[in-house]
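Per-chain residue numbering starts at 1, and chain names A, B, C and D are given in the order in which the chains are listed.
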Amino acid sequence: MIGAGIVKGMAVTLRHLLRRPFTVQYPEERLPLPERFRGNELIWLVEKCTGCNTCAKACPHGVIQVETSAKLDENRYFVEKFEADMGLCIFCGLCVEACPFEALYLSREFEKATYRHEDMFRRRDDFINAQKNFSGYFYPYLDKERPKRLEGW
Amino acid sequence: MKEEAAPIKTETFMVNMGPQHPSTHGVFRMRLSLDGEVVVDVEPIFGYLHRGVEKLAEGRTWVQDVTLTDRLDYLASMSNNLAYVLAVEKLAGIAVPERAEHIRVIMAELSRIASHLMAVGSFLNDMGAATFTPLIYMFQEREKILDLFEMTCGQRMTFNYIRIGGVSCDLPEGFIPALTRFLGEMPRFIDEYDTYLEDNEILLARCVGVGVLPPDKAINASVSGPSLRGSGVRWDLRQADPYSIYDRLKFDIPTGKNGDVYDRYRVRMEEMRQSLRILGQSVRDLPGGDYRTKVPVTFRAPAGEAYAHLESPKGELGFYLVSDGSLSPYRFKIRAPSFINLGVLRDLLIGCKVADCVVTLGSLDIIMGEVDR
Amino acid sequence: MTRDISQNAAQRIAQRFPGLAAEAAPAGIVVPAESLLEIAAFLKENPDLALDYLAAITAVDYLDHFEVVYHMTSITHNHSLMLKVRLPGRENLALPSLTSLWQGADLQEREVYDLMGIAFSGHPNMKRVLLWDGFQGHPLRKDFIYEPS
Amino acid sequence: MSFWDYIKDLSNIARRVAEWTGGEWWVYGLLGLLALLLFLVPSLLALIWIERKVFGRLQVRYGPNRAGPFGLLQPVADAIKVMTKEDVAPARGDRLLFRLAPALAFMPAMAIFAAIPFTRNMAVNLDIGVLYIIAVGSLGVIAVFMAGWASNNKYSLLGAMRAVAQTVSYELPLVLSVLAIVLATGSLSLVKIVEYQTVPLLLLQPLTFFIFVVAALAELNRTPFDIMEADSEIVAGYHTEYSGMSFSLFYLAEYTHALAVSALIATMFLGGWKPDVGIPWLWLIVKIYLVFLVFSWIRGTLPRLRVDQLMGFAWKFLFPLALINILIVAIEVQALEGFPGWLALVNIPVAAIILIGMARLFRFGRVTAPARAPERG
């Protein structure tokens, strides 16, 4: 019969009318970020990096560039250049997984829009000075041990 | 004075529907020849989103190619990840831990629900629930699924989660309770949406008998997925050619009777219910243990070839990989279901009205990321 | 489980088309290009094989030859077959089109033509699908170099 | 005369001002226009806000809430945005018609209000009020067709063709349903129609009400009858090519029309300014908004019909229904010599039975099997 289905549908929408809105008023209200949230920033720990270039090889887009020079007195490499064009990054996390020394992390930052592409370029110093908001992605233990492990770095 | 009136001449006219059109689901274009409101001929034109994924993949390593598959069917990235990874595992003979298999199935089914929600929502939107009400209801549920994904792997759309040999990280602590809660409330929502529009007379009038795809034609035209099942063909790769742990799961394959737009819509709604059943079972049986067989960053698949396919939300998603034993695939072929399903579009549309075009297209559930690759 | 029927199919083809070399490749069978249409028709219509579903068509560039791969499935019997055709050389490649047997071949053959440059004779609408009409070259070939005009 | 009297009946103010200026006719006219604009402009803004808010809440979201308190200034913000936008006209279109159409669309919708009685005195007591409204109300389609034609766009033309077909079809049941009211009340004057309603006509003639609302929805081109601007099919129909201020004129015309039809329904079926307590014209405004809320609710819920089904619905369902309705009303009027209030008790079940019966008989047209695909040339 024409009409019964329409009336049922109208009742459903009427019920929704009385529900609390589902949406979040973004700048004021925020959804809790999951621990593993892959934000659009890389975190590089200069102390841990050996300059092995594995992350650069793992990156599908060639975002990361590493240059090293030998530090013969300390018997290790000095990472002269560690650059990443975050404008090209797709936040796949492959570099983080590849890093054998746990020197790379994704961050939980996400409000990183810029007006120019160049502003998304991160140089060595940017990485060192950056605020480090570690994401638990690939390092689930970070969730639990966050303060202990990371505050000193 | 009698004047012989010249007979009125009518002619068909051409309308380019797309590539910028509200309901062509991306940059898809239909060149319609119209006789008034009736479609006389239609030519689907696409490729506007062609990124050359198959060529790009040849230049990236096996591990990196997972990220490319994310960007095919961006509404069900997990299925794409899984299909590619299955093909690589078949090629290299990698065994996957039991826990990883379960996690994969959970993710694949969640993404099936998410994709079907989008498909149904935008389909109803095409039908002219022009204020997006059904679409937004569907979005609301999809949001919960995306939250689950985000919780697990940190991203909402391009997950890059399923890895060769397992999954990239284990389920987080709160995942199982959250999923259980979702499983608890989702059936109620599906029921509600069914009440909303299932037997709405306007919807029935618009859908029943429109875009009829007979089963023999569907098979002949290599249509797959809900569109094939809507035509009444019981063909679901999860049962026909079970991969992962699907052979151990109990679920039904919903099929339609007439193969019209309405049946395809119903099949999608039913499939969501079945996916919930699958999810319930795989969560119940989720074993502990390892979630990943370690595969080196410099993974090299042995020379050879493999074709693996799975039932993605859109249909049979297959990957045909040829390896020459190097770091990257020699040939990376994607059997994209949306692309091949489009082959029947012309037959479905001719003789329809303009309004049926968008509804039929919506019911085929194409996604341009996958069609154009 | 979908069974692979390469062996069975090779035997049957040998029976049906004596003197025709259908080799069993590591995966699937290889048939000569000239008799592709007949063999495909046979595979589709033979009630025991009944490969009614043409899942995928693709081509691989092996530099000295091209290999066109047809993935066929039988929905009736739930088995599958990988049918291959080898095309030596790099220029003026042509194969009979299977659109008369499977409508599903339509777009897929166009895609192979578009990206690999293998023309299918008898196809009703042999045009590029993904790339635009004036595009030079076929990008999935191994020797393709993109030169923006 | 007390202050209260002035508030209760704003026409007293007009009379006072007119006396003061010497009772010229044009003073009345200007005052009327002023009053109308004072009602119309805030109402339009409110309507847009209401509809967006209703959609928002139907869709489990907030709706506009940024501009001003509760987003009340959202329409103002929209207006500013729209006014600062470039107004593009298609190069190959008919410039004159293209520019004329939006103005022409707005005019008839506004002219309807001339005949709406806000109270007994706050009205132009037009003896042929109903006729006037129907005549003026259907003018809008000319503007629509003009816009579609002048845009030189195939979508626009499709939309315009649909609009004409639809309006012509739905005009019939609309007029016939009004006829039933005229039969019962014995007058074409809206003031008399309101005064007649000791029991609202909604209860006395539910069938008429149903026909009128459905046909009016179609006239307003709101879902499920919005095929002339079906955004998922023909982009935006007749106003595809319009931008900036000309687009917003169409947009406003649509809402003005909606407001006018709501006012008409409130007047003809819900008893207008009655019950005559408090401030009578506020009653009418409240009723108008209530009717519009229901319109928004319908629009927020339903998908749209296809063009042929739409016509089928008009000609095979609404039209016969309207005829039956007239027959019933005519018999009742003849037999009972008047239209007593207790008739509502009879008419509601009768209407329900007829509606259900007709609905059982009626089927939406289905497509015939698609023609065979022609060979590619």
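Here, contacts are C-beta pairs under 8 Å (C-beta built on N, C-alpha and C of every residue); 3 or more make two chains touch, one makes a residue touch a chain.
These figures come from a predicted structure and were not determined experimentally.
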item	value
Relative to chain D, chain with the most remote C-alpha centre	C
Two chains sharing the most C-beta contacts	B-D
Between chain B and chain C, centroid-to-centroid distance (C-alpha), Å	25
Computed distance of Cα centres, chain D from chain C, in Å	61
Euclidean distance of C-alpha centroids - chain A vs chain C, Å	44
Distance from the mean Cα position of chain B to that of chain A, given in whole angstrom	28
Per-residue overlap in chain D, given as positions that touch at least 2 other chains	58-61, 300-302, 364
Where chain B touches two or more other chains at once, by residue number	133, 137, 140, 197, 200-204, 347
For chain C, residues that touch 2 or more chains besides their own	none
Touch list for chain D against partner chain A, complex	54, 56-62, 65, 297-298, 300-302, 317, 355-356, 359-360, 362, 364
Chain A residues touching chain D - in the complex, by the definition given at the top	1-3, 6, 9-10, 12-14, 16-17, 19-23, 25
Chain B contact footprint on chain C (complex, rising order)	1-2, 26-27, 52-56, 58, 60-61, 69, 71, 75, 78, 80, 82, 102-108, 111, 115, 128-132, 139-140, 144
For the chain B and chain D complex, residues of the former touching the latter	13-15, 21-23, 34, 36-37, 40-41, 124-133, 136-137, 140, 197, 200-206, 208-210, 212, 346-358
Of chain B, residues touching chain C in the complex	46-47, 50, 52, 54-55, 217, 219-224, 233, 235, 240-242, 247, 304-307, 309, 316, 318, 320, 322, 330-331, 333, 335, 339-340, 342-344, 347, 372-373
